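Read through the structures below before going on.
Next come two complexes, and both contain subunit A; in the first it sits with subunit B, in the second with subunit C.
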Partner chain A sequence: MATATFRIWRGTAEKGEFRDYTAEVGEGMVVLDAVHQIQATQAPDLACRWNCKAGKCGSCSAEVNGKPRLMCMTRVSDLPLDVPVIVEPMQAFPPVKDLVTDVSWNYEVKKRIAPFSPRKPDAPDGTWRMAQEDADRVQEFRKCIECFLCQDVCHVLRDHHKHAAFIGPRFLVHVAQLEMHPLDTGDRVAALKNDNGIGYCNITKCCTKVCPEHITITDNAIIPLKERVVDDHYDPVLKLIRLVLRRRG
Partner chain B sequence: MPGIPLPVRSRGFGQTTRRDRWWLTPAAVAVGLGAFVVYATWAALQGQHYTYGPYLSPFYSPELWGPSEHAWFGPLPPGWPAGLPYSPALLILWAPGGFRLTCYYYRGAYYKAFWADPPACAVGEPRTGYIGESNWPLRIQNIHRYFLYVAILFIGLLAWDAVKAYWFADGFGVGVGSLVLTANVVLLAGYTFGCHSLRHLVGGRLDCVSKAPTCHTLYKGCSALNRRHPAWAWASLCSVMFADLYVRLCSMGVWRDLRIV
Partner chain C sequence: MDHQTHEHDVIVIGAGGAGLRAAIEASAAGVSVGLVCKSLLGKAHTVMAEGGIAAALANVDDRDNWKVHFADTMRGGQYVNNWRMAQLHAQEAPARVNELEAWGAVFDRTPDGRILQRNFGGHKYPRLAHVGDRTGLELIRTLQDHGIHKGIAVYMERTVVRLLLDAGRVTGALAYDRERGRFTVFKAKAVILACGGVGKAYKITSNSWECTGDGHTLAYDAGAELIDMEFVQFHPTGMIWPPSVRGILVTEGVRGEGGVLRNKDGHRFMFGDIPDSYKPQTAADEEEGFRYVLGDKEARRPPELLTRDHVARCIVREAREGRGSPHGGVFLELQTFAEWFGRRVKGFKAELHWKKKLPSMHHQFKELGGLDITKEPMEVGPTTHYMMGGVRVDSDTQMSRVPGLFACGECAAGINGANRLGGNSLSDLLVLGKLAGEHAARYAKDRPAAGVPADQAEAAARRALEPFDRPAGENPFQVMFDLQDMMQDLVGIVRKEDEMVRALDGLEKLKARAAACHVAGNREYNPGWHTALDLHNLLTVSEGITRAALVRKESRGAQFRDDYPAKNTKEFGRVNTVVWRGPDGSMHIRLEPIPPMPDELKDAIRAEAGGTLPEELR
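What follows is the complex of A and B.
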């Protein structure tokens, strides 16, 4: 069986270094398999978060050859093996140990987003009626597995550390899912502009490129939300039209 | 919103563990956009060789004031200072230029290519300070929909130019130039009607599109074009440059316009 070198980040929040390990590689193998093999044979203390091994739990997020990826969905055969395969933790979050990072900031951010607030039920039995075409748009956003790869690659968080001012692409998708929902009555547009920092996004589309669920984050979530912010805050003509319509009743 | 405890590792400009040629796309964008800006500026300042028979260069359309028979109002704008060089393109190019400059696709592309913010995904940046589009001066990008309104008007004008390009001095005909100007307006329309702002305005702003079937139809059409927005953007950028070059070289006598019909 062929072998390949895996250059894996080992360390804690205080210090760390890359260490080389050799693993046997075979057909259909993914990077997570190699990491498990290294754990089993050479580095039993290698810390790595994983769960489903099917690209659905979002636990094994890391960076493989510099690109944010799910380790369980990255085939070794797709990587150049004549040079070491570099595996390191996500850069946008504080390291805990080896490949594990502390992503708890994301859960704190989510708590601060106004939750789903549906209109009054449409039927006496307390249920609602929705047209499929109204639900179509937000269904895409529900595919998110919260792997936080989009947060990791976003340069606003990764390079500029604007964690206190910008919620990141994952939660812009979450806001879009709520804001565009046909039953929702909440208004999160002012919060998007002032508290969630949507203006920090400069549309590099890196989040869309790394999404393992292929959610069109930038085009279908972030830009439509930016346009809603323009509607309410940067379009004087629309503001005037709304004022006139409101006065006419 | 909560901050995040440091340390979060930072990387210097260009630092990355990516093994691919990440610099290739931003470099190609810089070359492509740079070449267009240089050519368009040069062509706009020429003020001549922008018409040939029924053809009018898209850089000069509409020709509000100018020396050719395509001009709407006469040779020179009223009150134009004597001795100051004049080119009809200078009066109108702000509109398509502004539309592209504030376009969501181009913004992402030129922030990477010309400002390295970031140079590419997961590649270290040259600066630590960052305000993005959250404040001035880049907050001005929110003006995009106003440029869109003017751009739609320009599509109508360029379509009319394309129709006129089939009417020669001896009547109806089809020249290579007619096809070039037609292809150009089709590509420009594909780019303009796939605009993210238009997509929002025609239907994206609604949460219940089922109650507005016309808006829903327009939204679906706009979304179909929007899925290939970058491709439309580059194709139309090349076509508008080529259309000007074609008319210019025919007018200069370098190329001969072939009459097909």
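What follows is the complex of A and C.
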């Protein structure tokens, strides 16, 4: 059977190094398979996160040959194998061990965003009516598997470490999902500007490119949110109208 | 022992749909709640559920109601279900689904703007609320985003290895954290197990690494009983090629949307094997089946939507008798339906249609199998999918026989009987998860705090560290692989007495190997160590499955015995198998009669069974 070299980051928060492992490569194999093979046969203490192995849970995020990817959805046959395949942890988060990083910041950020608050039910039985086309718009955002690859690639977090001031693309998608939710009555526009730091995003679109769920993060989520922020700022009347419309639902 | 301590009124172990729903409910009752899980929040196995949530909302077909859902669930379970749970489940599922919408879930819609429902195997009417084929993600994310604002303390990436008891009552749990390998003692007045399934006991499975039977084993070790352990559901359609994706699920939604099964000769074999009890509900020909898919109320369902156990066995038969696909399964294709539909609807675009209806299946095959399902047939075969058996709990409170110990979700048992219908798990998580949360909170409120005996935690921690202490020994991964191979071969879809007796023997040997394995490295995020600790759970549930399967000398639902291929209702149609840990530490088993069903429920079943009661209920 053919083999390939996997150059995997091994280490802790304090120190680490790349180490080379040889793995057998079979048909259809993905990078996560190689990591598992190495774990089972050569390095049982090699740390990585995974759950579904089908691109549905967003656990196995890492950087493969320098690109933020889900390891379970990266086919080995799509990579050049004459050189080592480099596998390292996401760079925008503190390292824990090997391929595992500390992503707890993301969970804290989400808690700060005002939760969903629906309008009064439309029907006496306590249910709502919603057209599919209105659902479509937020369903795109709700596909997010919280892999945090977009957070990893965003230069505001990765290079400028603005974690305290900027919530990152994942949570702008989350806010967009709430703001455009057909039933929601909350208003998160002031928070977007002040607490969430939407102004830091300069629309480089790197986040959209890495999203494994193909969410059009910049065009569909961030830009419309930026427009709302601008409208609110420069046009208080528009803001008032929108608030009234929303209350009426 | 160096450890942290956290104290709550209620500790929920597991943050899948069941655990999250239970935690939300307990917290709403005003008690302090801790939620513990092995992965990050939102990653539990529930996230993978695809097809939908079963609830008789009657949005698509107004003939649906809880009684029909109840009757469908009982027939699917071949009447060995806990009928009270099945009743509560059918009655309350619609309210639980609507509640998800109130918490922000966005389901697919009907033309008049209500929650859309789709067809699924064993359900008489279109009943599954869904979001494309990523319903589990919608469910878990909705509960997660709702739950994080409710003051629940979440402890991620911690694995519970032992429940702690004080005078027979559960008062806590011992866990280690993955990151550092340190121990935590959780003190609580009540503990809810919501640890999910056991799929990792088998080689080919749709389940994630988390599904190692922890909830089953924690309960068993604490003195609770497990029931229905012989009933392991093999889903008929898992991916089988390429090898690295073997087992990954192909949702039943594919068949619900018109997917057709064929053998290598192109023959649609399901039409040739329709059980008598389902004949009145099954389409007579292709045309009628497709009309059903489109929602024609006069039409009956295509045979691909018969129950999972039956479809799985038909696929195994085709493959064994030499009519399978190149890699040992059969073909599942969307082209026949698309052509038929295309002839009726002008401008029908097959590719767009499937991408909308089955987006994640399209994605999954494209990315992992290099195959475009809108154009080519898929190769599919059975995969270990769901555990019907689990912790025996009271139907109205979800408490086990151990005071203070509750269980819900896949690790609890009763509602599904011998076979679960698709979509009934997600609704079960919500309905019975809520019930568990409510009653655990009530139980906790009534009780003073009890102590956790320090020596128990000490002893459990010491045992957990043994794999490091041994100077040498086997690799725990190898022991796990050998167990998975053995269970797949000897206690799989088709079972026989002599093979299972061999399996029991094999389990003893594997237990000895597990007790002698060695782990290198240190305690920090060490998968080898985690696997070494999982082995105890995998071995316990494997033994439970094997012993129960041996005792049930008949074929019913998910259990198929080659040596007893027929149902034997006289002996086994009115009993459940029960296993528990005896004082000597060995596994005991007995058959226990199912309490008689009230007339109101019998009437519901009779109405759906053409006026006569099935033999099990007579």
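Basically, the second predicted complex is superposed on the first by the 233 of 249 C-alpha atoms of A that agree within 3 Å, B and C clash if a C-alpha of one lies under 4 Å from a C-alpha of the other, contacts with A are read in each partner's own complex, and residues count from 1 in each chain.
In the analysis below, a residue touches a chain if its C-beta (ideal position, glycine included) is under 8 Å from a C-beta of that chain, and two chains touch if they have at least 3 such contacts.
Being a predicted model, the structure only gives us computed values, none of them experimental.
After superposition onto subunit A, partners subunit B and subunit C are found to sit side by side with no clash. Judged by the touch definition given at the top, the superposed model places A:A40 against subunit C, while subunit B stays out of reach.
In the superposition on chain A, A:F116 makes contact with subunit C only, while subunit B stays out of contact range. Contacts of A:E24 after superposition on the shared chain: neither subunit B nor subunit C is touched. Superposing both complexes on chain A places the Cα centres of subunit B and subunit C at an angle of 140° as seen from the Cα centre of subunit A, in steps of 10. By the touch criterion defined above, A:A131 lies against subunit B and subunit C together after alignment on the C-alpha atoms of chain A. Contact with both subunit B and subunit C is seen for A:H181 once the two complexes are overlaid on the shared chain. Contacts of A:T12 after superposition: subunit C is touched, whereas subunit B is not reached. Closest approach of subunit B to subunit C, taken over C-alpha atoms in the A-based superposition, is 12 Å. The intersection of subunit A residues touching subunit B with those touching subunit C, taken from the two complexes, comprises 131, 181-182, 184. Interface residues of subunit A facing subunit C in the complex, by the touch rule stated above, are 12, 26-30, 33, 39-41, 44-59, 73, 75, 96-98, 100, 103-104, 107, 110-111, 115-116, 118, 121, 126-132, 135, 138-139, 142-146, 178, 181-184. The touching residues of subunit B, counted against subunit A in their complex, run 1-11, 16-20, 104-105, 107-108, 111-112, 117-118, 121-122, 124-125, 128-135, 138-139, 142-145, 196-197, 199-201, 204-205, 207-210, 216, 226-227, 229.
Here subunit A touches subunit B in the complex through residues 13, 63, 65-68, 80, 83, 86, 88, 91-95, 105, 108-109, 112, 131, 133-134, 153, 155-156, 158-165, 167, 179-182, 184, 195-206, 209-210, 218-219, 223-224, 226-231, 233-235, going by the rule given at the top. Subunit C makes touch with subunit A in their complex at residues 39-45, 47-48, 98, 101-104, 106-109, 111-115, 131-132, 134, 136-138, 141, 145-146, 148-149, 154, 156, 179, 208-210, 241-245, 248-249, 360, 363-364, 367-370, 475-478, 481, 519-522, 524-529, 531.
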